[in-house]
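Okay, so subunit A shows up in both of these, paired with subunit B first and subunit C after.
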Partner chain A sequence: MAKMTLEELRKLRAQKQDDLQKRDIAGKDCQIIVGMGTCGIAAGAKVVLDAFLKELDDEKIENVAVTQTGCMGLCYVEPTIEVVVPGMPDTIYGKVDADVARKIVKEHIVGKKLVTDHIYDRPSVDIMKNGGR
Partner chain B sequence: MHVFLCDFLLDIAQNSLEADSTMVRILISEKPESILFRVEDNGKGMSEETQKKVLDPFYTDGVKHKKRKVGLGLPFVLQTSRDFSLNSSVGKGTVVQFGFDLTDIDVPPLGNLPSTILAVFTGAPESCDVVVTREIHSDHGDSSYRVSKSELLDALQELRTAGSQNLTRQYLDGLEEDLKPYRSEHVFRIPE
Partner chain C sequence: MAVRNYILVCGGTACESSRSKEILKALQDEAVKQGVADDIQIVQTGCFGFCEQGPIVKVLPEDSFYVKVQPSDAAELIAEHVIKGREVKRLLYDKDKASKHAQVEDIKFYQKQFRIVLRNCGFIDPENINEYIARDGYSGLERALFEMTPEDIINELKTAGLRGRGGAGFPTWMKWNFSRNVESDIKYVVCNADEGDPGAYMDRSTLEGDPHSILEAMTICGKCIGAHQGFIYIRAEYPLAIRRLEIAMKQSRELGLLGKDILGSGFDFDIEIRLGAGAFVCGEETALLQSIMGHRGMPVPRPPFPAVKGLWEKPTVINNVETWANIPVIMHKGGEWFSKIGDADSHGTKVFALTGKICNSGLVEVPMGTTLREIVFDIGGGIANGKKFKAVQTGGPSGGVITSENLDTPIDFGSLIKIGSMMGSGGMIVMDEDDCMVDVAKFYLNFTVDESCGKCMPCRIGGKTMLAILDKITAGNGTMKDMDLLTEIGETMRKSALCALGQTSPNPIISTMRFFRDEYLAHIVDKRCPAGKCKKLVTYTIDPDKCKGCTACARRCPVEAISGSIKQPHKIDTTKCIKCGTCVKVCKFGAISVH
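Showing the complex of A and B:
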């Protein structure tokens, strides 16, 4: 990776903003919140964060907000992440690794369908059965 | 125990980000056989009494999780690092410093520094700036870079979205890549 200056970074950003306005906006108002407490970090939360960013980049999804929080109180199933997608129930996924992260992007963010085998909190059982609909 | 040295840094930096700081300064200074981390904030600080307690793995202030009785962040560092120091004063801030012997086989690998710096920047509250200084000293010369959350915010307008974060990552990867010729290969000493 060649070294970039802040000025080049600024230009790249402007260019990407233009691209964004030209096409349909996938991921608008979506949010991925990664639990970054000691428990999360020890279980590999940063690897998961990296995997989300990489997959979003590969899928060319720019405007999903990726944020962090502390421990969500589910230390036994770390790494945990919360996904907020308009029109879908807020969902807390546990035991997330890089593969699950990729799956969440493809199925939940893009496909608007829950990844039911990793849900540890929020949507009730009947909602999960219907794939979040 | 954490898998990478970067995870220790991220863990300790998180403490500073949650301490109502407006400025967090991070130093990563690498020599051929050792690495030193320093995390300095101007947040709420800790009393002498609290400073003693935080080194106990089973101490937590209980604010975030009422029933949980583990802290672990600082004790993890204490367990693995050397030259550990904690200086704090109430209302002024905290400085945590810790180093690792890179030739010790029990010391975890460094891990991915650019992704760690990105995680610290994006994990910081809006009101808090983070300045990272990364130095490397080697037998064939020294090199360093400095990067701040505020300058990236200025260039990218926001750091909240995946798009900006991926651009930041490219930028940070570039800075770190530049230091590569100065990094040393380590031959591990196995304790007898």
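Showing the complex of A and C:
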């Protein structure tokens, strides 16, 4: 690497800050949780996960943490994901593919509107002690 | 491809000694083997501070906090957590609180902490300058080089109210200002990384976890006082810290952040590392400077102070690692911001190395003014094994004890001196009811007598004499006159020794005599050690009613002092017994007592 000037240092900082930001969980108030049970993976959850990561990256959305979880129990509509956005109900989407993933980012995360065709409820919420959480 | 998981592996000395290097390697190998090498990034970071539970591995974005991880766990971590997204519960610190929500924030150990000095430790890769830069690194230097005059820098420090973190608490801006105002063609900047207090490792962790913060701070000081050469004096026993510093210096030079014409500002500054051979006295600033110049590490009388006449008779600013680590943040965020942290007496934070009989030993950074109770019981999790809290020793061999009645004293420079202890560099050793305070005093004095350089009479002879008296007391031969003699010698040393080592070495004795006089009296008058620590004053006996004759103690006794046949009560031959305590530990029936 060559010696830097002040401007180059500032440029380098701005560029590396983006990289490091992804590691920082503080300031991430939204969450996308991808169900990565065996059923989910078999139905293509990994493609969905990658699609979310890429879309968030492309759109430069930085307040969303993408995490994984096990099977959510909705194996008939896999791949399933849950989206947690403050001020909106926690929402489970089923039958998600890469296109739906992009749509969820655009409409739910950015537009704060639910993506109607893919919403499913938690299984057996009524008979579980803490509402299935 | 975007990275979906970050795995942070602790690379501090404590975790590295419990094989964190192998864990890092195993994780990397497994990631390749299981085909996710491109999806994740594995980073070696500095100390997380929670050394009690090391080696520590943290996985983001889930913020899963894995503790006591073994290299053999790597395959499972990759397969379960990374690929299937299931946390490996058995390795989590809080096994009940698995998944979904940020874990680290829930751990009590971290709740009351506030990190300035350790801001990057456990988050960035200390061997990668880009990560430091991304965390606002070198932006303090930018301001110092391009926007501020030396006077502005001094004023910023003055507003911040930063005081030296090495122990004495001297205002940093004053020190810098002395050097700045001396007319001299050559000046020096020195970092004191000769950390030597028993049980203290704050500076080591800072250097290992965030070496660039020290380099940046020293360069800022160079700009302020007009120096072009810096030295980092570090003990050779810190090989990892030295290696990280060397890597950091190399990267800084390549990017033009050290060396000639820094960032095109026309200002030159470079740093050299000087290795110390591990003499405790070389942590004293005048002895340290002697050692850098190649002389024998012995203190010289002050004044003149190093800020006026230091290395090779030139003005020299010497600060401790923790003090330096605060500077870039102050320059970046401003003195005003810094001055709001802490209490009225002292601003900012203080890092402590919490060790001894405590549940969560580790590195702790708290705002000034936090009480000892919060540190010991909230952050430290209280005393291990349900024993009773007795005292905390702060300031290492130069400090004193703080007892339970002073647990609510706020920790700042002024309050600690008022209760007869001192801030010191940040060692904090917790003692419980099993610790004998006379024995503790003897331990510290033994250390300072060993480390005395022998140059001045009060320290050389005073220390030795006091140690002889403590030996006498712990052997049961003490008299009441000895107490007066200890006080008298102690006071003389305080007043007349050449450097802080000699002046402060009586502190542990004076302070334990003040707070635990009854323990001294028990040794002298009753010839008894209440905690059962002083070997010459205790005898081991077996209670024949409780002994089941299991022979466990007899088999383990190294000197065969225990006799008896199976299922019959055993006996200890006190003439043979070496009081090693092994039998007490192996007895399942609590039949062996120590008096």
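Throughout what follows, the second predicted complex is superposed on the first by the 93 of 133 C-alpha atoms of A that agree within 3 Å, B and C clash if a C-alpha of one lies under 4 Å from a C-alpha of the other, contacts with A are read in each partner's own complex, and residues count from 1 in each chain.
Keep this in mind: a residue touches a chain if its C-beta (ideal position, glycine included) is under 8 Å from a C-beta of that chain, and two chains touch if they have at least 3 such contacts.
Being a predicted model, the structure only gives us computed values, none of them experimental.
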{"item": "First (subunit B), second (subunit C), both or neither touched by A:Met36", "value": "both"}
{"item": "Which superposed partner A:Lys16 touches (first subunit B, second subunit C, both, neither)", "value": "both"}
{"item": "First (subunit B), second (subunit C), both or neither touched by A:Ala98", "value": "neither"}
{"item": "First, second, both or neither for A:Val110, with subunit B first and subunit C second", "value": "neither"}
{"item": "Touched partner set for A:Gln68, first subunit B, second subunit C, both or neither", "value": "both"}
{"item": "Touched partner set for A:Lys28, first subunit B, second subunit C, both or neither", "value": "second"}
{"item": "Contact residues common to both interfaces of subunit A (with subunit B and with subunit C)", "value": "1-4, 6, 9-10, 12-13, 16, 20, 36-38, 41, 49-50, 53, 56-57, 65-68, 70"}
{"item": "Contacting residues of subunit A [partner subunit C, same complex]", "value": "1-6, 9-10, 12-13, 16-17, 19-20, 22-23, 25, 28, 33-34, 36-38, 41, 49-50, 53-54, 56-57, 65-70"}
{"item": "Subunit B - residues contacting subunit A, complex", "value": "1-3, 6-7, 10-11, 14, 18, 64-65, 68, 71-73, 76, 111-112, 115-116, 119, 122-123, 151-152, 154-157, 160-171, 173-175, 177-178"}
{"item": "Residue ranges of subunit C in contact with subunit A within the complex", "value": "1-4, 6, 60-63, 83-86, 99-100, 102, 123-124, 130-131, 133-139, 142, 145-146, 254-257, 259, 261, 263-265"}
{"item": "Complex contacts: residues of subunit A adjacent to subunit B", "value": "1-4, 6-7, 9-10, 12-13, 16, 20, 27, 36-39, 41-42, 44, 46, 49-50, 52-53, 56-57, 61-68, 70-71, 73, 75"}
